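Chain IDs A, B and C follow the sequence of writing; residue 1 opens each chain.
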Amino acid sequence: MITRADVEYVALLARLELNEEEKELYTRQLGKILEYASILQQLDTSEVPPTAHVLPLQNVFREDRVGEDLPVEEVLANAPDREGNYFKVPRII
Amino acid sequence: MQLCDLPAHELAKLLRNRKVSAEEICRSVLQRIDEVEKKTKAFITVDGEKALEQARRVDKKLKNGANLPPLAGMPVAIKDNICTKGLRTTCASKILANFVPPYNATVVEKLAAAEAVIIGKTNMDEFAMGSSTENSGFFPTRNPWDYSRVPGGSSGGSAAAVAAGESIYALGSDTGGSIRQPAAFCGVVGMKPTYGAVSRYGLVAFASSLDQIGPLTKDVTDCALVLNVIAGHDPRDSTSVPGERPDYTQFLKEDIRGLRIGIPREYLAEGLDSGVREVLEKACAVLKEAGAEVAETSLPHSAYALPTYYLIAPAEASSNLARYDGVRYGYRAEDVKDVLDMFKKTRSRGFGAEVKRRIMLGTYALSAGYYDAYYLKALQVRTLIKRDFDTAFTKFDVLLSPTSPTPAFLLGEKIDDPLKMYLSDIFTLAINLAGLPAVSVPGGFVDGLPVGVQFIGKPFAEGTLLHVAYAFEKRTEYTSRRPGLGR
Amino acid sequence: MYEAIIGLEVHVELKTRSKIFCASTTEFGGEPNTHVCPVCLGLPGVLPVVNKEVVDYAIRVALALNCDIARFCKFDRKNYYYPDLPKNYQISQYDLPLAKNGYLEIETANGSKRVGITRIHMEEDAGKLVHQGNITTTPYSLVDYNRTGVPLLEIVSEPDLRSPEEARAYLEKLRTIIQYTGVSDCKMEEGSLRCDANVSVRPVGSDALGTKTEIKNMNSFRALYRALAYEIDRQIAVLAEGGRVVQETRAWDEDRGVTVSMRSKEEAHDYRYFPDPDLVPLVIDEAWIERVRATLPELPDARRKRYIEDFGLSRYDATVLTSSKELGDYFEACIAAYPHPKTVANWVMGELARLLNAHNMDITASPVTPDQLASLLRLIDDGTISGKIAKTVFEDMFATRKDPATIVREKGLVQITDVDALSAVVDEVINANPKSVQDYKAGKEKALGFLVGQVMKATRGKANPALVNKLLKERLD
């Protein structure tokens, strides 16, 4: 079902770096879990609408009013690295 | 019994009658923490000084004749995935080990307005993913009734703290049973309100369409009091339901004659521990004797709840946890060559194994080519599961089941087999999928270990749940029992 | 022979006061990270709430672009990682966008052409990255999240455009229409209007579509034109040599005048769209749409039609005057005070435009008000000043903001119409220029012009030219 290549692709999408052991482990564990989940295929849901929200809520809005901003020191208080009032990150490419 | 072993409503009486001060209550709790915390390890952060300050403030107000809310001065422990401004909030993850939120969750603001005394932040399974608190990125919590056993999860720290008197009550979060199951394992009351009844603003998201914050308390009366504080519409949460919430204490009545209680036959199937089965049967007897009508019912799609949950929850989680990347807060890997490397190393080192597993599963379920077969399919089955409950509730007012198939298991017993661990939630998962309210109440003991029974209600029927739970509690004495704590 | 197939994907920043999902200000500029809150910063535990004004604005644009508006739509998460995206997903709309199937009309060399609009949807903007130098050579980058959460509309056209000219015309028309609705300033240089293009080529007569490339980083109308022209030529050259066009994203390099491949090996664009569980669906009923429709001003095409039909303006003039709402408003304010559209049009498109351009000003900053221009034109009509003098008065009005009457008075520019006074000057000029008089009498019409000029010179331009003409002719004929 799930192949090692699948696991590597998914890991990249999720920005996770897996070592050899983890790749093995996830290939096995995810495979088992997904088999379990393929049980759902037994059910005929062709006429069944999906429930994305259990609540019948719709059109929840706020007014276009400006509220308080976070003071810049609090914005950056948890920053692992900063320069002035910017967040600093390593090169992108 | 010490002060810290009493429920809030009794302490409130003592407080109002000046028999005891808020500071004394707080000291009692802090002393208990000193005594047993090294065994239970229920907390990630305890701020005793701040708590005493808050308690003294309440005492001062009382002295000046102020009319204070019912839970004023009561120590509360808050699960560490609920943001507390200025107080470290880690979600029991290395990736947020030093994160200090610059804002309060809405429920925390409500607690502050209710003059609560915040004792600290409790341990949990990392990012609420787990059923035993063994997935905490820091250390496991132990069950106060038997330190070789798990307290349940993911709100294990909150449940253990309440059971051990390390707090008077606590807040937890429930996505698939994370309040109810640990409440059952630790012999306390735990309620998951209807989805949308309590604001999620400030609750670090795991699965957005399933998460709810709820109370863990020593008894049903306290549960109603806490619900009064935390329930309510919040304009900052688009999924929070508008409208006034009732005064939940009005439902604390003992008369349940004519109440129709249904027991889903699928929940009594094989695999159920015989001791747990016995507890449930005894509970039925108590309820029948009280005049309720108890009968069997069916939730035909019960077997599909677990796979449905384990596709929807990880899918939403994989997206909710994408923000933990080391850029703006939390742990950041240093030895990196570029931003992509930083993302990968930060997340791989910062997240534990179970979190990574669920992120992988969720990412896969949403990825191109699989969305229809997995995620969308799960959303459709969810409709079927919800319909099962709707049908059952045309004939019954409340459903009843064991909270968990077994009592608390041993530390390490299930941690190596994720599927086995997932099965401990089979009675609680469907309720989150359907968005219904449910409460776990101490239902009995098996070999000295607490066993919980779960009442499930219609949407916004927290009142009915409190009613039947109160009636049940008054006819049994389980909520007055306390663990020995090895003292 | 090849033809080009072009589609444009335009992002428009909406100028609501607050962001799309939180109450932080959308104000442009500001010190880095001073316009953010826990929600747009993507802190753990936060939740989005939709700004109703954004939906209203979106419906406005959808109506102005003749779209079908969805009765039911929702927000979805578009999942990808980038440091300028705090949640590492963007809240956008995927399979149920706000509007579909619209169009607008552009002017081409062959007349009017309708360009289809596939869809319009709402989404949130990302932050800004600052690099030292070039993104590929910088050792680190800095992130400013002020812009995250600013509301955007994404407008996707059908691949109906066939040339860089058409593409440019489409973008200009789109900008004009949106400016009329008042939802955005649409300034490319400020980033409130952004444009990416999808380009492919195919042999003329073929039905199949060629492989398309996506072109990014075009920051002006000129860049759009140049980039498309370059890319079309590049693709044709590739095919002519027997090669195949690679489907990829290319960036326009303004300095070198070329498009450059942005192919990145590691990036997998699997966005894993799913409905955002933190937001509930939008249900838009007829009543809401009509409420918004009532707030729409007269749109460019309708206004242009009215100028042509009611004011008798040429299509060209009407197009220019309606190219910006403010310009049209100015024009109409002038006509309200001085009901001669063609004259007003000449002045607005002539003298006023010249001075505004020279000072790099927009009509909204015009130092001359519509009333003032109207006054000036009335002064010409009643003979107080000549048309020529009026031009210098106008320049003065522009420089000093003073009323024309004041300037005419202060500078003594009132036109001389007194017959006696002028006759005296005319006689002097006749006496001083016998040769020209002789030439005129001999039949050279031009000589009269010279004599008129001399009178104008003697009166420093203030003589009424028509009267001067008349007086000269009386004496000489």
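The definition used in the following text is that a residue touches a chain if its C-beta (ideal position, glycine included) is under 8 Å from a C-beta of that chain, and two chains touch if they have at least 3 such contacts.
Keep in mind the model is a prediction, meaning the values are calculated, not measured.
**Q** Taking each chain's centre as the average of its Cα atoms, which is closest to the average over all protein Cα atoms shown?
**A** A
**Q** Would you mind checking which chain's C-alpha centre is most distant from the centre of chain B?
**A** Result for the farthest chain: C.
**Q** By the contact definition above, name the pair with the higher C-beta contact count: B-C or A-B.
**A** A-B
**Q** Provide the C-alpha centroid distance between chain A and chain C, rounded to the nearest whole angstrom.
**A** 40
**Q** Taking each chain's centre as its mean C-alpha position, how far apart are chain B and chain C in Å?
**A** The mean C-alpha positions of chain B and chain C differ by 57 Å.
**Q** Measuring from the mean C-alpha position of chain A to the mean C-alpha position of chain B, what distance in angstrom results?
**A** Those two chain centres are 23 Å apart.
**Q** Touching at least two other chains at once: which residues of chain C meet that condition?
**A** Those would be 38, 41, 49-50, 81, 83, 141, 143, 266, 270, 272, 277, 279-280.
**Q** Could you say which residues in chain A touch two or more other chains, in rising order?
**A** Chain A, residues with two or more chain partners: 9, 13, 15, 52-53, 55, 57, 60, 62, 70, 75, 87, 89-93.
**Q** Residues of chain B that contact two or more other chains, please.
**A** Chain B, residues with two or more chain partners: 99, 102-103, 209, 235, 238-239, 322, 325, 327-329, 339-340, 343, 363, 367.
**Q** In their shared complex, at which residues does chain B touch chain C?
**A** Per the touch definition, chain B meets chain C at residues 81-83, 89, 91, 96, 99, 101-103, 105, 200-205, 207-209, 235-239, 315-316, 319, 322-323, 325, 327-329, 339-340, 343, 363, 366-368, 371, 375.
**Q** How about chain B: which of its residues touch chain A in the complex?
**A** Its residues touching chain A are 98-100, 102-103, 195-196, 209, 235, 238-239, 241, 301, 303-304, 306-308, 310-311, 318, 322, 325-332, 336-345, 347-348, 351, 356-357, 359-361, 363-364, 367, 373-374, 376-384, 386, 418-419, 433-435.
**Q** With touch defined as at the start, can you tell me which chain A residues reach chain C in the complex?
**A** 9, 12-13, 15, 52-53, 55, 57-70, 72, 75-76, 83-93
**Q** Along chain C, where are the residues that touch chain A in the complex?
**A** 16-18, 22-25, 31-38, 41, 49-55, 74, 81, 83, 129-131, 135-136, 138-145, 264, 266, 268, 270, 272, 275, 277, 279-283
**Q** Could you please specify the touching residues of chain A with respect to chain B in the complex?
**A** Result: residues 2, 6-7, 9-11, 13-18, 22, 26, 29-30, 32-34, 36-37, 39-41, 43, 45, 48-55, 57, 60, 62, 70, 74-75, 77-81, 87, 89-93 of chain A touch chain B.
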